[in-house]
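Consider the two complexes below, in which chain A is the common component and chain B and chain C are the respective partners.
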Partner chain A sequence: MRRGALRSFGLPAPDALIGIGVVLALAAVPLAGPGTYLLGFLFTIFMYGALAGSWNIIGGYAGYLSFGHAAFFGLGAYTTALLLFYSGWSPFLTLPIAGALAALFAALVGYPCLRLRGPYFSLVTLILGLAMYSLTLNLPFTQGASGLFLPFLRVDIYTSHVIFYEIMLGLLTIVTAVLRQITRTKMGVGLTAIREDEDAAGTLGVNATRLKLQAFMLSAFLTGLVGGVYSYYKSYLDPSFVFATSISITIALMALFGGRLAWYGPLVGAVVLSIVNEMLTTQAPPQTARIVFGALLIIVIMFLPDGLISIIQRRLPAFVLRRAKQAAARDEIIGNR
Partner chain B sequence: MLYELAQSLTSGLLIGGALAVLSVGFSMAWGITHVLNVAHCAFAVLAAYLGYWALNRWGIDPLLALPIMLPAFFLLGVAMHTLLIRATARRAHDLGLATMVLTFGLGVVMENGMLLAWTPDPRVLKTAYSALTLRVGPVIVQAPHLIAFGLAVITIGALYLFAERTFMGKAVRAVWQQPMGAALSGIDLDRVTTIAYGMAVATAAVGGVAMSLLYTFDPATHLSWLVYVFLVVILGGVGSMLGSALAGLIIGLIIGISSVFIPLAWNNLVLSGLLIVLLLLRPQGLLQR
Partner chain C sequence: MLRGVGITKRFGGVTALRNVSFEVGAGELVGLIGPNGSGKSTLFGVISGFHPPDDGTVFFDGRHITGARPHTVAQLGIARTFQIVRPFTGMTVVENVRVGALYGRGERRIAVADRHARELVEFVGLEQRADTLARNLTLAEKKRLEIARALSIQPRVLLLDEVFAGLNPTEVRGAIDLIARIRSQFGVTIIMVEHVLKALMETCERIIVLSYGEKIAEGAPSAIAADPHVISVYLGKTYAAR
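For the complex of A and B:
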């Protein structure tokens, strides 16, 4: 009840307060003057956190596992890169275009493909990612396999690292806030219903087709934004990299690994796996890291279908669990209204 | 132009045979065990590498290595089904989706394992008969194409006879049609699905060797082969052997015809588009009633 009382005074929920605190602390990190290595590493973690979170809207909440999110990521990356390359417009200004194009593309392919259930949808998205790769490779204005070289930000290297760090942190915050907000709205309840039993959801008045399409477009929009920043950060991009199936796999794996049913699951997965990846790639060839990733995917699906956070949730003290349950029940009622 | 078309139709038809044998196991596993083995083509590429290895290390022709590979791959399939898939099935809410994620992980492990073992350089199989050709009227038929087609005919024919004539084959078909009914008539579901799964993986080995006779390959090739396989299985209907055979030939012909009119680089794009259109119009397969 105390939580409800706080809310009526216009204060956010405790988990949101913690989240805001963490974001502010992270935003202040560059003030302590860490090296470019640490900033770059944190940028990577934020980026995968944002990507896994975006993926989770359709893959986790709605249960439509997309194996082709690299298509949206690459589309966003190429949009801002081409606009910079040909028109000289800053990617920070053209980001919304990148997201909008990714969402538009999601609408075009999602409208037919979201009618496919389960494995059919996943395989088509996998193929879609491969098709986008072939397309970019062969289009005349993308410079194909030789890739695009982009101008750097006109500041020194350290400052540019700080700028990208803050922007990616901002994107991660937006994605996570959206992800959390969805669970508190009618949309989240509808998506859960679709995941559990789509036909039953339909009979209860959930407009499954529209809801799935909205979720897919939102997911693509956010993924496109991240891609749009990434190309500028790397200042070089080629199709084999931004449309790589390994990116689609990594995103999906992080969300599945962390736990796709809760809003913080993809974030947990992205942080843990990014650290694992960083430790592995400094010690061994990148293939070894991917073998470990694949093996982790196998282990998670075999033994922890609900992800890493299901262990944590089970280990929590009883009173926390009880309060969480009460809060969840209340949120569900709020969401239904 | 007409001559060119006849030429590409012939080679397309022969390529179609290789696609059919590559796909038949995938279709079988999906239909009978409800497992979407995304790693199916990774097994095929593994077989292609083993054949390449046998030839260049020991001078054994891949076709002669195949009889040794078949039981090995069968056991691999049995092991995979027993150790991985059954354990997953026990916990999963949705078997198709869970096993797809599982085999996806397996595919990633296999692809990168092969990258470590054999580097990403594309390989070309150069056998004693690689350069041999056969003239049929105005059309030139390459010997590897013909051999790949022969492999497909033998394998699919043997599978068909197995399904129609043997008790085990009938049990497999019964499980495909009506698992509950099959179990009620005393068929051991676990045993039948495991054997069917082993056979599916064994046919992937044949498919891989057949494809290696026609195309260059590298560890990442399995994903583009998967596009073909998926296309064939959707066209032919999930679980249908003859459907796969027929659909393989049709896809081969389409590849043959499109190679005349469309640059090779756009080929994958055309096939992906075709697949999406097909899924929208008839997700249950063209050849399925």
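For the complex of A and C:
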């Protein structure tokens, strides 16, 4: 049982303690007075970690590969930005609205789209991101391609970096906790069954249509929240970035790269790929950087289809198993005496 | 308990089932036979909600279940196995069975579902393999898993699609034993599609024969074995005349 839980869902109980420790340590980082560069870089990692984690609920657990999550990210960002721009509402009000709108949108598009399986679903979601981009570009109140300028926080640059750093860390923690909780509840079992064989899941009483929709909405809600925080952080919104297909693809790749079967996989993927990407873009000429980045992705996905974390997972059970066997052998010897 | 009236199912231009009616009483064990392509699996598909029929009705406990979706049919208490086994290959044996224990019975707590799952895994004789990934099982073990999974929804009717196919004689013997134990322990009604006729003749009280989508005979195994129409369908007209 232990081994089963370990393989498909992640490390057992002590993981929560480690997680809380890491979060507290990260939350204390600004006390050491790092520069704005490091804070900004960590903010980006946290953001991608939260996005990849949100994506994983539908893309990883349920196996419905969405390539259009930028639609929810952008929707959250624009909802927040427009509410701030036109009404000046507090973030405590606009952020939940951003998430709720993204979830509502997911319900509307998910109802027909989630009937499609495999590549057909992926293609439709890809178009979704593009459609949202065109829409934002042409709606009268979004200021189209010139983008939206938002008021800054009335604090100095460094303090504002620290504030957004802490907020995104909090959001990442929430997303990761949700992701972990799903694997420990009925919902996780149902989503895994859908990923493995949707028809067989149906014969066992799983209402796949409803469960997929719930997962899609939850995923969109969290993605919309991240988008909302991003628009406050950036204070300038441009449809070509927040609805970019590259965002949709990047977060999907991060989750797949890290490992979509365990709750910490997308996080590992986001951290590793963000760091690799940052190192390559600062150290190597852009063309070389792209080639190396692409090659790395291909190698990992070819040789580790269950992601980077499968290396750890393969080692760990073998080790645990060996210990258990030794113990059993010892008991037998004692028993024979 | 389970009744079908005038069921017709067409796939494009092919009529897979034509005006088939049947009735199965509580606790019965009924065999469903017929040459390849005679509509046996389609009939299972119609009952379990995979293939809504073009015409006709299915009643379960007097309740109209025609066209209900598979998960609804499962929650009502009709379980099926697949002719080609379809375990969740990336899950362990217990995790496979847990799915039905949670969703088929409406259980919420994973720990309780796991307990049910382990009992069933032991019942079908897979306790040694409980924590093995389903993809690493032998065919005979996969068939046992398929049965444990079907039982996990606490079914009142069990539709078994060729559980003996591909098994060696010892394994067939084991599977026959298992079916007998399922009946005595759970009192569940069973309809089984089978090509291993000898096994069927031994276990079933009644047999329904399909050919080209139509019901051509129904009755006790001995009567079916002597029915000239059935013999001609299986072996050709020459044998039926003898």
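Assume the second predicted complex is superposed on the first by the 284 of 337 C-alpha atoms of A that agree within 3 Å, B and C clash if a C-alpha of one lies under 4 Å from a C-alpha of the other, contacts with A are read in each partner's own complex, and residues count from 1 in each chain.
Here is the rule we go by: a contact is a pair of C-beta atoms (placed from the backbone, for glycine too) under 8 Å apart; a residue touches a chain by one contact, two chains touch by 3 or more.
Fair warning: this is a prediction, and the values are worked out from it, not measured in the lab.
Per the contact definition in the header, classify A:Arg184: touching chain B only (first), chain C only (second), both, or neither.
Second partner only.
Touching A:Phe293 in the superposition: chain B (first), chain C (second), both, neither?
In the superposition, A:Phe293 touches chain B alone.
Go through the superposed model and pick first if A:Gln283 touches only chain B, second if only chain C, both, or neither.
Neither: A:Gln283 stays clear of chain B and chain C.
Looking only at chain A, is it chain B or chain C that touches more of its residues?
If we count touched residues of chain A for both partners, the winner is B.
Looking at the overlay, does A:Val206 come into contact with chain B only (first), chain C only (second), both, or neither?
Second partner only.
So, A:Ala193: does it touch chain B (first), chain C (second), both, or neither?
After superposing on A, A:Ala193 lies in contact with chain C but is clear of chain B.
Can you list the residues of chain A that meet both chain B and chain C?
none
Once bound in the complex, which stretches of chain B touch chain A?
36, 38, 84, 87-88, 91-94, 96-98, 100-102, 104-109, 111-113, 115-116, 223-224, 226-227, 230, 265-266, 268-269, 272-273, 275-276, 279-280, 283
Please output the residues of chain A touching chain C within their complex, sorted ascending.
The contact residues of chain A facing chain C are 1, 3-4, 7-8, 184-186, 189-190, 192-193, 196-197, 199-208, 261.
Which bits of chain C are touching chain A when the two form their complex?
48-50, 69-72, 74-75, 79-80, 82, 86-92, 94-95, 98-100, 102-106, 108, 110, 113-114, 131, 133, 149-150, 152-153
Across the complex, what residues on chain A touch chain B?
Residues 63, 65, 67, 109, 112-113, 115-116, 118-120, 122-124, 126-128, 130-131, 134-135, 137-138, 245-246, 249, 253, 256, 285, 287-288, 290-291, 293-298, 301-303, 305 of chain A touch chain B in their complex.
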